[in-house]
Structures are given as structure tokens and as C-alpha cells.
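These are the structures, in C-alpha cells.
Both of the next two complexes hold subunit A, though its partner changes from subunit B to subunit C.
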Partner chain A sequence: MKVTFPHMGQVYLAIKGLLDDLGIEVVVPPPITEKTLEIGTKLSPEMACLPLKINIGNYVESIQKGADTIIIAGSCGPCRFGYYGVVQKEILKDLGYDVNMIIFDPPNSDYGVFIDKIKKLAGKNSWISVAQAFKRASAIVKEADEMLDIALKKRAREINKGDVDSRLNCFEQEVLSRHGNDEILETIRKYKEILSQVEEKSDVLPLKIGLVGEIYTLIEPYVNLNVEKKLGYLGVEVYRSITLYEWVKLHLSLDVKYRMRHKRILRKAAPYLSLCVGGHAWQTIANTIYYSECGVDGVIQIMPFGCMPEIVAESILPRVYQDYGTPVMTLVVDEMTGEAGYFTRLEAFVDLLEQKRRGRVDGYKEGLFGN
Partner chain B sequence: MDIKKAFLGIDVGSVSINVVAIDQENNVLGKIYVRTEGKPIQILKKAMGDMVSMLPANVEIMGVGTTGSGRELAAVVVGADVVKNEITAHGIAALTFVPDARTVLEIGGQDSKIIILRDGVVSDFAMNTVCAAGTGSFLDRQAARLNIPIEKFGELALKSKSPVRIAGRCAVFAESDMIHKQQMGCRCEDIIRGLCEALVRNYLNNVGKGKEILPRVVFQGGVAANVGIKKAFEEALGYEITVPEHYDVMGALGAAVLAKEYVTTKRGCNTKFRGFEEILKKEFTSRTFECTECTNFCEIVELIAGEAVAARWGGRCGKWARINQPAQERFVVGQN
Partner chain C sequence: MKIGLPRALLYYNYYPLWHAFFEELGCQVVTSSTTSKSTLDRGVMNCVDDACLPIKLFHGHVVDLIGRADAVFIPRLVSICPGEYICPKFIGLPEMIKSSIKGLPELLVLNYNAHRNHKDVHKPYIELGKIIGVKPSKVMLALQKATEKQQAYEMLLRKGQTPLDILKGRKYSKKEECKGIIGLIGHPYLLYDEFISMGIISKLRNRGYDVLVPENIEQSQIEMACSQMPKKLFWSYGKKLLGSGLTMLEEKKVVGIVFLSSFGCGIDAFIVELLQRYNHRQYRIPSALITVDEHSGQAGFDTRLEAFIDMVEWRDEREGYVPPYGTSIFGY
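Our next item is the complex of A and B:
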């Protein structure tokens, strides 16, 4: 059995570590490139949203590298993601790829099915070793997110532009040759150290922008056209409302304290939207309010083209802006998105926030010129 | 003879390249509006040549700003001090020349945008996302198809007594609907008037949606020359609309104003401007290649000025972005 899975930001680190530890052969899909998207766009329905197309591209590229089993998460919410696994299985079948697909739906009530699927994957491993591997994999998710957070802070302040990203690039090259949770974790820790040594300017006061929106577009940098990197180069400190680790804590762990906090933030959205309409629309509204209260300078919503829940959120956000006064911009991405126009909007938004701040803080003269 | 201080603003757009020179009081000393023709570098050089002959000899360029979709390229070619996106540049220009403006409607060759100004700062903006793009280019094409000079297009619309409704969701459908109405025998001016109304409807519903449009409303960009569109906006919004004197080069004006502010606030700063002579003399070429160092396979574009690499675009890892490397480390032309 050679197992593969779709890319989603840094999730490949944890899945590779987990499967390595369980003694299962893994095919990490090649990084998402134009070619991946091309394959996916050609083979998927036109109106499907971007994540599905990229998933298909990932699968095909992995199958070409020898994968015969695909694992993917499922969902029970009223969003298209719920039938991704099933649809993707049909698409691959039509193409003549004879692969085994294991879909992990969140175990809302039926733990039996969930456990059966894990058993199918785990084979001869004992339950204890499976549990331990899961625990270590979630440590990877946690530390990888912490590594990205260091990068987000450093990018806005680095003395030599590009220092952070050239180090992250080295990390990506190096980590693929590691085997098992422990080795991957060790590499992440090493690079956390390396990243924190990047030299910072001492006299900068970065603007703060919170990112909200649909989870896949927020987490996968290829899909959001490296928004975090672009904002970082414009001197902005970025806050991510949804991270992989938070998702893990919320859906796979029993962290009650975190769940309470999540509920508290969600409740903030009550005057505008107080139920789940699928995807992460509810969270988008709630986090926009949360960020406004925290005093960030602006919020950017990112969504894939045609994403119903996020369209609902988009139409509500102008009212949140009216009430809280924190500027919000929506960016829509799909395979037709032009990078130049995207960057123009980001730059103009940052200028707008800078001008606003200049109006607030007397005598603050830096900023608008940006170079 | 006194030396006069001047600032250049350059807007390299999809359809036109605009160059303006202003003095310290924001008076326009010279302005050039030429078609890009898909050859930004050559046409920009030509425009710079025209600008030299327009400016008096005692003018010294103290600062340069670039904007538009070709701003990065133009900045490298001329040596710019400020490189700004077209939204900020247009907002700044509107505020400079129409100080009490609160809404800016801007329609250019490819992009349409709305800029909301409050208390003298840009407070919100939107740019066409899914549609309402290419309005200027579309009008151009329709004028050519109907064999009417583009300058006369708007005037003809004003002559209409009973406009025809055109389905204006996107250019392709609008054109086929226009042709359909023509084949049914509708009058040309009524169709053009209908087209203006359709484009305005589309703009307000797609670009201006959710934005609070308050007077004074400024209309700028190449399409502002079209009196038919201006009239349609006035009817749809119920406000009088101001078209500033230099409506067609507002982006370039904004860039010039930003360059002026930059040079004056950062005292003692020398402009990076190459000088007209060098720009006209120097040869600029570009080439692309695929970097195969890692699995990203980025496409790298290189701009070569004379012999040296002046800029690179497109790398994801930051390796190629570093232009200011020491000479010996620089990528040699012809290698690879």
C-alpha cells in the first residue's frame, strides 16, 4: 500500500510523519505548481471550486509516482467539501485510475466507522502505537504553525528582504528527506531556531492585518497566491484566524478550554449571523469582529470563487465595517486570478490603512511611499 | 537663467502610457498621452523623448513616480523614486486637484475602480473583480466597428431620444445584443446611448456595489472623455459629476505628486532618475527562463539594461529577486 493525500499548507509534514511511524509507505504529492492546477482544471467540472481542482491535480501527480491509496478528510457541513471525496473518487474512476480511497468523515456520532477506517490504514499496529503516532503528529502541526508565526513576525521586520523565505525554502527541501515524526519535528525545531535568528529592524511599527475566510484558501499558500508573503514584503504583520493546529484542537482533540474560547468568539457574530451556513462563514464574521476588537488595522477575507458560505459572509461584512470601522477587503481566487491585479489590491489596501493610521497618529510620516 | 524644479509621473497602463511633468505648485508643465500598443518599453522611450522636447531647457527633474500595471517595468527603465499602485495614485490625484471630492469613479482601458475619500484620505476602494473590466477597450472596439471616431461616440449618445436597452453583463453579450438591435433597425445613436447606460449600470452594480457614493463625484480615466457615459452616470446617481481638466492622465499626476511629496519629506534625497539622455540611449531587452533549482519551476523574467541585469521578476524563493548582489555574483547574460 502506497498512500497519498492532497496538499494543504503544512499538513503534509504531519501526515508523512504519522504514516512513516505506522510503517506505511507514503507518496508526498509534488508541490503544487502550474502543472498541478492545469491537470486538475482539465479533469474537474468547470464550476467546481478551486480546492477540488487542485486536489485532483495532487492525486494524479502522486499516482504517477506510484501511489495506490488516497486518504482525505470528509465533512458533514452544508458545504461542497462534504462530497469532495466521493466526487473525486468518481472522477478518478472515470479516468481509469484504480485507487483505493479512504474518506475520514469527522466522527460526530458514529465512532465505529471512523475506527474501522483507522484500522484499515493502521494494519498490524497496536492501538497504543497508533495513538502515540497521532499525538506526535499533532505536535508537528503545532510546531509547524509556530514556525510560520515566527516567519510572519520576522518578514515584516527583516533587514534583508527575502531572508525569511530563503530559509523557509531550505526547510521545505530538507524536510522531505526526513523520515518519521521525530526526525520531522527535529527539523522543524532546527528551523524555528534558524528563523528566529533572522536580523530585525528595531525601528519599525508594522501594520497589522488579520486574515479570515475559507480554510483551504487561507492555509494553502499556492492557492492564496502567497498572500502572507506579499503582505510581509509590504511591511505588514499578518494574523491568521484559522490555522491547522487550531483545526486539530477543535475537531480532533478534547481541548475543552480551546473549544470554549472558540465558542466565545463565535458568539460575537450573533447580531449578524448566529448559525453555521457551511464552510467557515460564521467564523469569518466572528473573527472579523474579534480582530476589530483586538485593534488590528485591517482585515482581508480570502475565498475561492463561487464559495457559497463565503459569499454570505462577504455580503454581511460591510455592516461589520460600518459598526466597527476596521476596513475589510475581500479577495476572490480561482485558476483565472491574475497575480498583478491581486497585488495591486493588496498594495492599495495597505496604503489605505497606512493613510488612516497617519491620520490617527500625529506626526507619523513614514509609510505611504513604501520603499 | 533660473533652474525650475519639476517632478515626473509615469502611468504605464494596458491601453495608454501617460507622462506628466509638474512643478512645485502642481501646475502641469507638459503631458503626453500615447497608446501602449503592447510595446511598453519602446513607447515609453518615445514618450520620454517627446517630453524632453516639450519641457523648457531650464527644467530639472527632482523626482519620478511610476504607476499602472507596468509600474515596476517603468520604474526600472527610468529610475523611479516612488512606485505606486494605480488605486493610490488616482486617489491622491483626485484629492490634489479636486480637494472636496468624496467619490472617484475611474474607468480606464482594462480596469474600473471606485475610490471613496473621506476627510482627505482614501477610506475605501473597490476594483472590478469578475466583470465590468475592459470598458475602455470595449468602447474603442465598438466605435471602430460602427466606424464612428471614438471622440464623437459620446456626443452621438446625447442626440438619442429613445435609448435602447442593451444587456450589458459582459462585453461579449453586450456586443451580440447590440448587433441584434441593429439588425432590427434601431437607430445608431439610440443604441450607443443604451450602451452607455448598460456600462454605467454594470459599473454601479459590480464595482460600486455596497459603497456609499456621496458628492462631490469625480469621474476620471480615459473613458471620462465620453460625454454619453458621464450623462448616464449623472442620471443614475442624481448628482452632478466633475470631470477634472487632466482626467486622462490622473494616474500619472498622482504618481508625480507622490514623487514630489517623497522627495520633499525625505530631505537631501537624490533622485534615482537616469536622465532623459540615458533612457533614450540605453537599450532594454528582456528574456525569460525556467529556474530548475527546485521543484517549484518558477518562470523568471529578466530585464537587461545595456549589458547588466536591471531587474528580475517571478521567483518564489527570493533567490532571483536579489538584484543588488555584488558584481561577481550576478547572473551573467548568456549563461544557463
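Our next item is the complex of A and C:
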């Protein structure tokens, strides 16, 4: 069995660590490139959302490298994500790739099925070693997120532009040759240290922008056209409302305190939206309010084209702006999104926030909403 | 009290129920005008760009009711069946309307959610009654009468009428010399909105075919067809489309299948994809996907439909010649 999985930001670190520790051979899909997208677009239904297409590209590239089993996460609606696995399997089947697909739905209700699937994967490993491997893998998720947070802070302040990213690139090279949770964790820690040493300007007060929106688009840099990097180079400090670690805490662990906090933030959205409409739309509204209260300069909502829940959020956000006054911009990405136009919009938004900070703009043009 | 009923989205599924309910409560019901270019334009103007056509259209119908009704009825259907959902956009509908349309009258929101249990389904109606100022006992009576109307409606549907036939009060009887039956798969708010579907049902009938629509298929058959899926389909209406499509294919009743879908519809993207793949793999019946959006023109639509009919007839002449995978004109 050679296992592969779709890319989603840093998730590959934890899955590789976990599978390594369980003694399962793993094929990390090659980094997402234009070619990945091209494969995915060609083979997927035209109307499917971008994440699905990129997933397909990942699978095909991994299968070419010998993978025969795919593991993915699922959900039970109402967002389309919950049915990804089934559709993807049919697509692969018609292509003649008869791979095994293991779909992990969040164990909210049914731990039995979840455990069965883990057993299927874990084979002869004892429960204790499986549990330990999971624990270490979640440490990877946590520390990898912390590493990214350091990068976000530093990028906005670095003296030599590009210092942060050249180090991150080295990290990506280096970590691939590591084996198992422990080695990967060690590498992450090493680079956390290295990143902290990047020299920064002392006298800057960067603009702060919070990112909200659909989870995959937020977490996978290729899909959001490296929005964090681009904003960083514009001297903006970026805050991420949704990270992998938070997802893990919310869905796979029993961290009650965290869940309470999560609920508290969600409650802020009550005047605008008081129930889950699928995906992360509710969080999008709630986090926009939360960020406004924390005093960020602006909020950017990112979603893939046609994302049903986020469209609901998008139409509500202007009201949040009216009440809180923090500018919000929506970015919709699909396979046709051009890098140049995208960057121009980011620049214009940052410009506006700068002017607003200097007190030059009082009324903010509603025209900036949406696309 | 005058209550406005937007003629869009789930109107076609539930209008007998809702109409009767409000009338029993002693309200006057005003339905928005049938869709026209101006309804659509107003919808597009008053809705976020990224929404799909049916949602924009709903906005247009709400705008149409402004000034004509004291309150507008907005159904928020989170789930119509335990363990299932419908499109996320239906869940956020009232919020979208509130944020996007100015000068709204009062909104009567029906918060219906059967996700966890089916027993309390009358509660949201009682809430509605409270807002209007009617006692629960009277509401229950009204609901009961309305439910009977709804059941009678659904019975007619299962006997082969389309919602349009019933709405217009023209009973349709099957043709003597029918060239065959064409399956028409799509959400009710596309198929039965004649402006959007460009009268596809009458067009097919005029060409000598009978149509079969998802509303004609028994729920039990739909359930059975979908139970073969490797994972439970959790969208009730998605399931309805897929299940009725599969049933039509399986029973070999239809000579062709047309999917009508709106551009950017997330659910259709999956359902149509699956159905097309199963069809190509197993049944190989001529099929066409027609996608509509706010820019669709009559001419393009007709050409596609013609091409599809040609294909059905061409194949008919060659007695069951099976076109190889990939020759369906608009399929993949």
C-alpha cells in the first residue's frame, strides 16, 4: 500500500509524519504547480469548484509516482466538500485509475466507523502507538502553524525583502527528506528559530489585515495566489482566522475550552446570521466582527468561485461594515484568476487602508465590495 | 393582511401549502408576477454578483412585491428531511434578502428545520401564526387543511402532471402518438419558470414528445436508486434529481435526457457529473446539458435543444445504435 492525499497548505507535514510513524509508505504529492491545475481542470467537471480540481491534479501526479490509496477528509454537508470523495473516485475510475479511497468523515457522531477506518490504515500497529503517532502529528500541525505565524509577523517587518521566504523555501526542501514525526518536528523547531532571527525594522507599525473565508482557499497558498506573501511584501501583517490547528482542535480533539471560545466568537454574528449555513460562512461573519473589535485595519474574504456558503456571507458583509466600519474586500478565485489583476486589487485595498489610517478617507466607497 | 409570496425557488414545490395556509388564516395572498426580463434585471441589481441565477431571481421577485404586500413570506428551509440538507443558499436566504434589498416590508420568515427530527414540523408555522396574530389552535387547523391541499397536489404530480400544468389549470393528457418520453432533470425553479426554461416543456411536447420530470417519480424509487451510492447523499433536492434520473434510466422509459442547470450551481455540478458518468458507463441514452444564466439567449437555447432532438431521432432511426462514449453533444 502506497498512500497519498491531497495538498492543503502544511497538512502534508503531519500526514507524512503520521504515516511514517505507522510504517506506511507514503507518496507526498508534488507541490501544486500550474501543471497540477491543468491536469485537474482537464479531468474534472467544468462546474466543480477549484479545490476539487486541484485535488484531482494532486491524485494523478501522485498516482504517477506509484500511489495506490488515497486518504481524504470528508464531511456530511451541506457544503459540497462532503461529497468530494465520491465524485473524485468516479472521475478516477473512468480514467482507469482503480485506486482505493479512504474517506475520513469527522467523527462527530460516529466514532465506530472512524475507528474502523483507522484500523484499516494502521494494520498491525498497536492502539497505543497509533494514538501516540496521532498526538505527535497534531504537535506538528500546531508548531507548523506557529512557524507560519512567525513568518507572517516577520514578513511585514523584514529589512531585506525576501529573507523570510528564502528561509521557508529551505525548510520545504529540507523537511521532505525527513522521516517520521520526530524528525519533522525537529526541523520545524529549527526553522522557527531561524525565522525568529530574521532582522526586522524597529520603527514600523504595519497595517493589520485579517483573512476570513473558505478554509481550503485560506490554507492552501497556491489557491489563494499567495495572498499572505503578497500582503506581507506590501508591508501588511496578516492574521488568519482559520488555521489547520484550529480545525484539528475543533473536529478531532475534545478541547472543551477551545470549543467554548469558538462558540463565543460565533455568537457575535447573531445579529447578522445566527445559524450554520455550511462551510465557514458563519465563521466568516463572526471573525470579521471579532477582527473589527480587535482593531485590524481591514478584512479580506477569500473564496473559490461558486462557493455556496461564502456567497451568503458575502452578501451579509456590507451590513457588518456599516455597523463596524472596518473595510472588507471579497476575493473570488478560480482557475482563470489572473495574478496581475489580483495583485492590483490587493494593492488598491492596502492603499485605501493606509489612507484611512492617516485619516484622509472618512467615507469608504461601497464600490470596493465584491468583485 | 396582504402576504406576498415570491414566485421563485421553492414556490413550485410548496405553493399549494403556503397559499392555503395563509388564506385559512384569513390573510390575502399576493403572488409576485411571473418572471420577466425586468424581474430578472431587478434581481441582478439587488443581489451579490456571485450568486446563482435562481437566487438572483428570488431577489427580483421580492422586489416585485414591495408596495404590493404588507409582508413578504421568506421560507428558510434548512432541512426537509432528517439527516439531510438542502442548498446552503436556502439557509441564508432571509439574511441575504435583508442585506441586499432596501425598503423591504416586514419579512415573515418560516424557519423550517427537520434535520434532527420530523415531529415538530408544525412549530415554525405556529410561530408564523403568532406574528400574524392567530391562535395556535387555529393555526393547526389551517395547517391541516393546507397539508391536505399539498397532498392532493403531490398526488397529481405523481400521476404525471407537471407543476406548470397544475398551476395553469390545464390538465395534460398523454399523447396518443407520442414519439417517446424525454426525461427532464432540473430544479423546479428552473424547469417551471417558463422565462428561465424558455418554455422547454411545451417545446418538447410540440415536437411530439412527452416529458417526465422529477416530480413524477415516487419518493421510494428515488430513495432506492440513491441507496446504491457509496456515501449517503445529504442534499434532499440533489438526491431527488439524481434518484429520478437514475430511475428514468433504469426503467428504460426515456429516449433521451435533458439536464437543465444554472451556471455556478454547486449541487448540480456534482449531480449532473455523476448522472452523466453512470449514463455513459451503463445506459448510453442520448443526453444534453443546458446551462442557463442571466445572459442566456433564446436562440442559443433553441439550437441546443434542436441538436438534442436531432440526436434522439437519429438514434431512433438506427434502432438503438449506441453512440460511443463522448458523443453526447453537450456532455463531457
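One rule holds for everything that comes next: the second predicted complex is superposed on the first by the 359 of 371 C-alpha atoms of A that agree within 3 Å, B and C clash if a C-alpha of one lies under 4 Å from a C-alpha of the other, contacts with A are read in each partner's own complex, and residues count from 1 in each chain.
To be clear about the criterion, a residue touches a chain if its C-beta (ideal position, glycine included) is under 8 Å from a C-beta of that chain, and two chains touch if they have at least 3 such contacts.
Owing to the predicted nature of the structure, the values given are computational and were not obtained by experimental measurement.
**Student:** Please indicate which partner A:33 is in contact with in the superposed arrangement: first for subunit B, second for subunit C, both, or neither.
**Tutor:** A:33 sits against subunit B, while subunit C stays out of touch.
**Student:** Return first, second, both or neither, reflecting whether A:318 touches subunit B, subunit C, both chains, or no partner chain.
**Tutor:** In the superposition, A:318 contacts both subunit B and subunit C.
**Student:** Name the contact category of A:100: first (subunit B only), second (subunit C only), both, or neither.
**Tutor:** Neither subunit B nor subunit C is touched by A:100.
**Student:** In the superposed arrangement, which partner chain does A:309 touch: subunit B (first), subunit C (second), both, or neither?
**Tutor:** second
**Student:** If you stack the two complexes on chain A, which partner ends up touching A:196: first (subunit B), second (subunit C), both, or neither?
**Tutor:** In the superposition, A:196 contacts neither subunit B nor subunit C.
**Student:** Can A:165 be said to touch subunit B (first), subunit C (second), both, or neither?
**Tutor:** So A:165 only meets subunit B here.
**Student:** Applying the touch criterion given at the start, work out whether A:278 contacts subunit B, subunit C, both or neither, answering first, second, both or neither.
**Tutor:** After superposing on A, A:278 lies in contact with subunit C but is clear of subunit B.
**Student:** Quick one: is A:332 in contact with subunit B, with subunit C, with both, or with neither? Answer first, second, both or neither.
**Tutor:** both
**Student:** Now for A:347: first (subunit B), second (subunit C), both, or neither, which partner does it touch?
**Tutor:** first
**Student:** Determine where on subunit A the residues touched by subunit B overlap those touched by subunit C, and list them.
**Tutor:** Subunit A residues touching both partners: 305, 315, 318, 332, 370-371.
**Student:** Which subunit A residues qualify as touching subunit B in the complex?
**Tutor:** 30-31, 33-35, 161-163, 165-166, 169, 173, 226, 305, 315, 318, 327, 332, 340-341, 343-345, 347-349, 351-352, 355-356, 358-359, 365, 368-371
**Student:** For a test of understanding, state which residues of subunit C touch subunit A in their complex under the given definition.
**Tutor:** 47-52, 55, 78, 84-89, 91-92, 95-96, 98-100, 229-235, 261, 263-270, 272-274, 277, 281, 291, 332
**Student:** Report the residues of subunit B in contact with subunit A in the complex, numbered from low to high.
**Tutor:** 69, 81-88, 111, 119, 121-125, 127, 129-130, 210, 258, 261-262, 265, 294-297, 316-319, 321-322
**Student:** Which of the residues in subunit A end up touching subunit C in this complex?
**Tutor:** Subunit A residues touching subunit C: 45-49, 74, 76-80, 82-83, 85-87, 89-91, 94, 103, 272-273, 275-279, 281, 305-309, 311-316, 318-319, 332, 370-371.
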